[in-house]
Amino acid sequence: MGFLDISNVTKSYGAVEVLHKIDISVQEGEFLVLVGPSGCGKSTLLNMIAGLEGISSGEIAIRGSTMNGVHPSKRNIAMVFQSYALYPNMTVGQNITFGLEMHGTPKPEREAAMKKVAAMLQIEQLLDRKPGQLSGGQRQRVAMGRALVRNPDVFLFDEPLSNLDAKLRVDMRTEIKKLHQNLGTTIVYVTHDQIEAMTLSTRIAVMNKGYVQQLGTPKEIYDTPANIFVATFMGSPAMNIMPAKVVMADGAPHAEVTDADGTARRLRFSQANMAEWAGREIILGIRPEAITDPDGADRKSSNIQSLTNRVNVTEPAGSDTFVTTTLSGGDAIARMRADAEVRAGQIFDFAVDMDKAVAFDPRTEDRIPA
Amino acid sequence: ESVEVLHWWTSGGEAAALNVLKKDLQAEGIGWKDMPVAGGGGGSAMTVLRARVTAGNPPTAVQMLGYDIQDWAKLGVVANLDNVAKAGNWDAVVPDALKKFSKYDGHWIAVPVDVHSTNWVWGNKKLLDSLGIAQPKTWDEFIAAMQKVKDAGKTALAVGGQPWQEATMFDAVVLSVGGPDFYKKAFIDLDPKALGGPQMVEAFKRMEQLHGFVDPNFSGRDWNLATAMVIKGDAAFQMMGDWAKGEFLRAGQKPGEDFMCFRTPGTQGDVTFNSDQFVMFKVGKDAQHAQDEMAKAVMSPSFQSSFNVVKGSVPARMDVPDTAFDACGKMAMKQLQEASKNGTLLGSMAHGHANKAAVKNAIYDVVTANFNGDYGAEQAAKELVSAVALAQ
Amino acid sequence: MDFRTRLQTWLPKLVLAPSLASTLVFVYGFIVFTVYLSFTNSTILPSYDLVGWHNYWRLFQLPTWTIAVKNLAIFASLYIAICIAIGLGLAIFLDQKIRGEGMLRPIYLYPMALSFIVTGTAWKWLLDPGIGIEHTMHLWGWTSFHFNWIKTSQYAIYTVVLAAVWQTSGFVMAMFLAGLRGIDNEILKAAQIDGASNWNLYRRIIIPQLRPAFLSAFVILAHLAVKSYDLVVALTGGGPGRATELPATFMYSYTFTRNEMGVGAASAVIMLMTIAAIMVPYLYAELKEPK
Amino acid sequence: MSSASQEIAIRTGGFTRKLIYVTLIVFAAFYLLPLFVMLINSVKPLSEITGGNMMALPKVWTIKPWLEAWSSAQIGVQPTGLRPYFLNSIEMVVPAVTISTLVGALNGYVLTKWRFKGSSILFGLMLFACFIPFQIVLIPMARVLGMLGLAGSVPGLILVHIVYGIGFTTLYFRNYYAAFPTELVRAAQIDGAGFFRIFWRILLPSSAPIIVVSVIWQFTNIWNDFLFGSSFSGQASQPMTVALNNLVQSSTGVKAYNVHFAGAILAALPTLLVYIVAGRYFVRGLMAGSVKG
Amino acid sequence: MGFLDISNVTKSYGAVEVLHKIDISVQEGEFLVLVGPSGCGKSTLLNMIAGLEGISSGEIAIRGSTMNGVHPSKRNIAMVFQSYALYPNMTVGQNITFGLEMHGTPKPEREAAMKKVAAMLQIEQLLDRKPGQLSGGQRQRVAMGRALVRNPDVFLFDEPLSNLDAKLRVDMRTEIKKLHQNLGTTIVYVTHDQIEAMTLSTRIAVMNKGYVQQLGTPKEIYDTPANIFVATFMGSPAMNIMPAKVVMADGAPHAEVTDADGTARRLRFSQANMAEWAGREIILGIRPEAITDPDGADRKSSNIQSLTNRVNVTEPAGSDTFVTTTLSGGDAIARMRADAEVRAGQIFDFAVDMDKAVAFDPRTEDRIPA
């Protein structure tokens, strides 16, 4: 039993079931991120934890005591919303202390708590402004302040950064990370940005269509995705997915793919158990950063395979250069150093890190375990 | 103690007349709560009355006319004034034609305030004299006189184009065509033969004749504005009840000198009347005394005299001396008494004293359609029969 | 469930309950009552003796009712069409970054603030050939000027339209202006780049997008037209003759001055059905897709 | 409520612009004409009106008609002028507007933020109430008021106006709150605010534009109402419109047009004032509320 | 003289000048991206090119003929807006052909053009729908279709992707890129996303507060930013900026920075001319990808310097691991391979690629040219 237990929880709107038997147990101090495409039920689940939506069946418990039917304000949780949901008619200070006021905290204590939080978030000079007079980043801070001041058992965040521009998003991400490290509070965080998910979380739950597809550490999710959905959802640019045939050569299993010209190319698997699939079709997944120029390839890898192929497009993006090529009839993207000497149309020796390759069963779309 | 009176006498003269009553009651220590609701010839006031009665909160007394009184009495919401009436011997002093409305089922329920007669013609004496027109005695003379005025470039007949004003003229015209018997048959008995007969067609034809003498701007005009036309000499005649006299008097004109009053040609000896009455509604025991006092005060000869002098009408009781009244008033009182004796005192159809409101309004519809040119005389008579049948 | 949570789930319904109860009693209860009355022989006050369809039969025999219905058709169609035309036109003009918009807007709007007595008194005067506009024109030397509609049976209904348009077109303007201000500016830019002239811009892009405003305006005007009573009474009193009688004045006079409450109720039921025929589809559309 | 879209990208030529200005001004004149006529004739002596030119400015300016209309004109048997009725109207309008707006706001709040099964249908039922012809409710309403003991009293009138006003106020507030972020309500719930506290502290303070619309609408409707005012008022509670009607509808005597006009303008002053003061928020409020886009 | 010439263009709203003497010349077929923070005047400049805003002073010319005062519809440009600005009352097909219709193209031609464009954008099956029934990505395509069908001289895009979610944004970016490569039309494209800017453009104009800060190829902008603003604006995570002192050691100029413990550390410059700054303070800029673990360092670099420092935070992001450390008193971010063995608190040997380092004059904030 964990700190926050979601057991067998289902949610229906009328006849439509939007969450199906969700089971997640969160330990105290964990940072759980819920990711998934739009409409998969992330917000619904969060709202159920908060008590803003009823539970159709199953149970949600905090510290072992059931929360079903308990009023949101009695759950000792705090929530930060995507649009921040700052009360537009109140000053920043009033926004922060409103929750305390509602819980009957006396004024001096409220003031003190507000001062402390404002100092922590460096928004002391904004306390008398109205939300309308704040920039996006400042609003975000105030929303955090409102949550922090309550000193809750659990923080819930619903896409708190998605309204910020890219630069600010990175900064605020770091702040949230620091906050978690400093306070050690349990956090459940919804996003559909997988970089956020990867960098912030201690564990990630990848959701799709109301099901939890995989629950695990960022590394597990990234390196050993449970299925094709998780594999392609996490990572940007997405993992390259291509049909391949398993063939045996030199006593080892190889993935046979075709290059831009249709010539068959073989890449040796690092996993010996792929031999079991010999002669059968699989789906091969290779992340863009595992296909590079030989100079950029990971020196630690035990299994760098060379693959000669024609370059279609190169996209220099400053820090890296993305190279598009054709593998098994589809586009595949390779990520290379910014300075990699590669031109469109060129025949190039790609270095493929097969330690990082994963294989999926084409029928179930699940990953074939190593 | 006080009485609450619902009425639509909001203009200067009428209100001044009511003030007499108010003072009389105050002398008795009875307060006056005024509930005036003007508009629509009392229509708005009747709506209010309905709401008040339905709510179980009726006023003490309500100004009312004709058959409405009987309709309300039927509903059992009016008070019984028999005690006061007996003490004041009302039965003797009030003419039978009025009692028909003031009493229901043999009990006094309302107090008549005044008697207006409606078959009057008012003329601007100076104008008529200058054109050499004498007071017309017959319908044809009347038409000829008006033609003369018209030829002189003046408006011959001042009319306010509202259904009730047109109907007021119609009353007199019907009387002039068929006399009291026909009038009774048509408007009181609602005999379809009378309503659709040749005499009625003739009456509508006379209305069309009259229409030929009005100015183009007559429609929607208030009656007192029409009177003002006569006063100013823009128009020669107006066919209107004796409330018009008040306007002449207020303008400082003298009967016989500045203006003349005579019965509609062809209706000599007949009087169509209407009578404003205060209907007393059932109120609690506490208010009973005030109500009785008010009834008494209204019936007192002094009030009847002073009120009617101001209003232009004549007292509802026959025993009031005519000393305070002017020439027209004296004439009216005399004619009224005679008519009452002869049985030619007829309730005015136009003012709801001939039949109930539904019928009255049905006749209005036809009269106004005829006067505004929508129906020819023949068709109007036919429509009259069906409209009346439908309204019964 | 703790008490507070349970209370919180009940509170919204409790809050709505008084409004709902009063609506059920004061609107629907009374409608049922009126329907019932229309089948009774009520005269001066309600009575409870049923007479079947008699009142309806009489209603449709009455020439005045026919006139009233015909008048309503003329009045409503003209009133709605002209109000929308003027309202839309003014809104479009006012939307061209007009200097003095702040001054003009209240001028257009203020008639809505006046009661029928005021409107009626003023317009009766203006339209009266003896003292009003015609008279003034004559005094100013234009002696051939004639404007005596209010005194003419065939035209009197149009003066009612005139005064009614005067009173509400400003409000319609405000509704359209609000609609215009809500249109995405980028769409206007896109259309200009696409080469739309101002005429085409309005005809093809902007006006079609004002659909909600049109709908709201139509519903408000339609129900005002059907309910129109005050203005007619104050302006023409239903005359000349019965030339400006409308169903609402008809119903009032039969119920309250002619002591034929049964017929009055029957006409009210017909009016209600007309309103329902307009409103129910609108309400259905409005509520079908909750925003 | 995007303020950026205030700026319109349409350009018009110089000639068109002149034409637009001319049209706008002509219409302004059309709307102003009746008011102008009433105003100038209310400051003329009566003799100048009868037979004079209604458009002409007064030769002799006088405010006597105004004074008379206000304090000494004959209304029924008393020469009280409109003053006491003015106060009656205020006594009736203020609570009726306040309560109906508040109830409308609460209803709108429930219907958007606390939706439950069937709440749309309930709203439809309430909305249809806006469109009922008031004449038909007179008699049954009188009966109900009588049963409640409110007949002929100010509270009775207030009740009537609230009952028939909440349809529109609910409509306005519902449409406004539909665009109000639900997240705010949720945040406040988590902060521990209950149903009413959320309403008072969060929604109501942000409802200024729609409150303006609702108040303008209700104020003009109730202030100008004659039918209910005359039918359900008692002797001591007759509102301004009834008194004005008594003033202008007198059936005999010389018509003091100047006094009537002065009275009419006096009766219209509060609503005019409301329009002029709050009018600039009106379009904004309409945008936010009644005209769904 | 180029294809589209913006010469000395100024824009004022009342007394406020929001664009100051902008000078940009675009060649035929170029893909110019305007980037800059919110409110810097990007949209204003684009609207001026389109003719939707007047020009306060200066001149805008297309193919050498001045456009000042020419009506938008006469300029033969097409524009795609952030909100797409689809006509909500028309079907997709009508939206696309509206411009042609306004220009009097006969119906059969319009139909043919529409079919062609719809096929190109794969929206044939949507032609009869209303915009309200489309998803974000589909709307975006229709907006593109509306622009394409006109066959304009210049395409203008105003943040066309900013309303899309991250995944879709990447896809649409690629489509726009392909479109440009196929059609070769001149494009001016506004964004505030620098990845978009880097990958799409042939040249970038970085704007700030109404001034063009730098105009150049993506590579120039990224590698040789004109000033600190450009350096930190482009790139994510942003370039690390720290004060440093130039000292001479072994006859070569070094940048002296302090590590987490305050100890001075020296990094040899690749640029010999930094010797001129010996003894003076500069601002040193190093991009995160130039600070790595030794195994991940660019094998091609001529000047990898080792820097021993304490690790503050590690953020594994799947494809990379971001490591935060303290340099000269501020946070610096290093980007390492996903598998780099680095823990928070550890003393680590960072490899700094000084070939990629840039130096700024602290007074002017301009880059010191190599």
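Which chain is which? They are A, B, C, D and E, in the order written, and residues in each are numbered from 1.
Keep in mind that, in the parts below, a contact is a pair of C-beta atoms (placed from the backbone, for glycine too) under 8 Å apart; a residue touches a chain by one contact, two chains touch by 3 or more.
Everything quoted here is computed from the prediction, not taken from an experiment.
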item	value
Shared chain contacts [chain B and chain D, defined touch]	C
Both-way neighbours, i.e. chains that touch chain E and touch chain D	A, C
Contact pairs, highest-scoring chain pair	C-D
Chain A and chain E: spacing of chain centres that average the CA atoms, whole Å	25
Gap in Å, rounded to a whole number, between the CA centres of chain C and chain A	57
Approximate Å spacing (C-alpha centroids) for the pair chain C, chain D	16
Intercentroid distance (Cα basis), chain E paired with chain B, Å	93
For chain D, residues that touch 2 or more chains besides their own	9, 138-139, 141, 245
Multi-partner residues of chain A (each touching 2 or more other chains)	71
Per-residue overlap in chain B, given as positions that touch at least 2 other chains	39, 47, 50, 54
Set of all touching chain pairs, with the criterion as stated earlier	A-C, A-D, A-E, B-C, B-D, C-D, C-E
Footprint of chain C on chain E - complex, ascending	47, 50-52, 71-74, 77-79, 81-83, 85-90, 98-99, 102-103, 146, 150
Parts of chain D lying in touch with chain A, wherever the complex brings them together	181, 183-184, 186-193, 197, 201-202, 205-206
Chain D contact footprint on chain C (complex, rising order)	4, 8, 11-13, 15-16, 18-20, 22-31, 33-34, 45-46, 86, 89-90, 93-98, 102, 104-119, 121-123, 125-126, 131-132, 135-136, 139, 166, 170, 174-175, 177-179, 181-185, 188-189, 192, 198, 201, 212-213, 216, 223, 226-227, 229-230, 248, 251-252, 255-256, 261, 265, 268, 271-272, 275-276, 279-280, 283-284, 286-287, 290-291
For the chain A and chain E complex, residues of the former touching the latter	37-38, 165-167, 170, 174, 177-178, 181, 192-195, 198-199, 218-219, 222, 234-238, 287-289, 295-296, 298-300, 313, 315-320, 322, 335, 337-339
Chain C - residues contacting chain A, complex	1-2, 4-5, 8
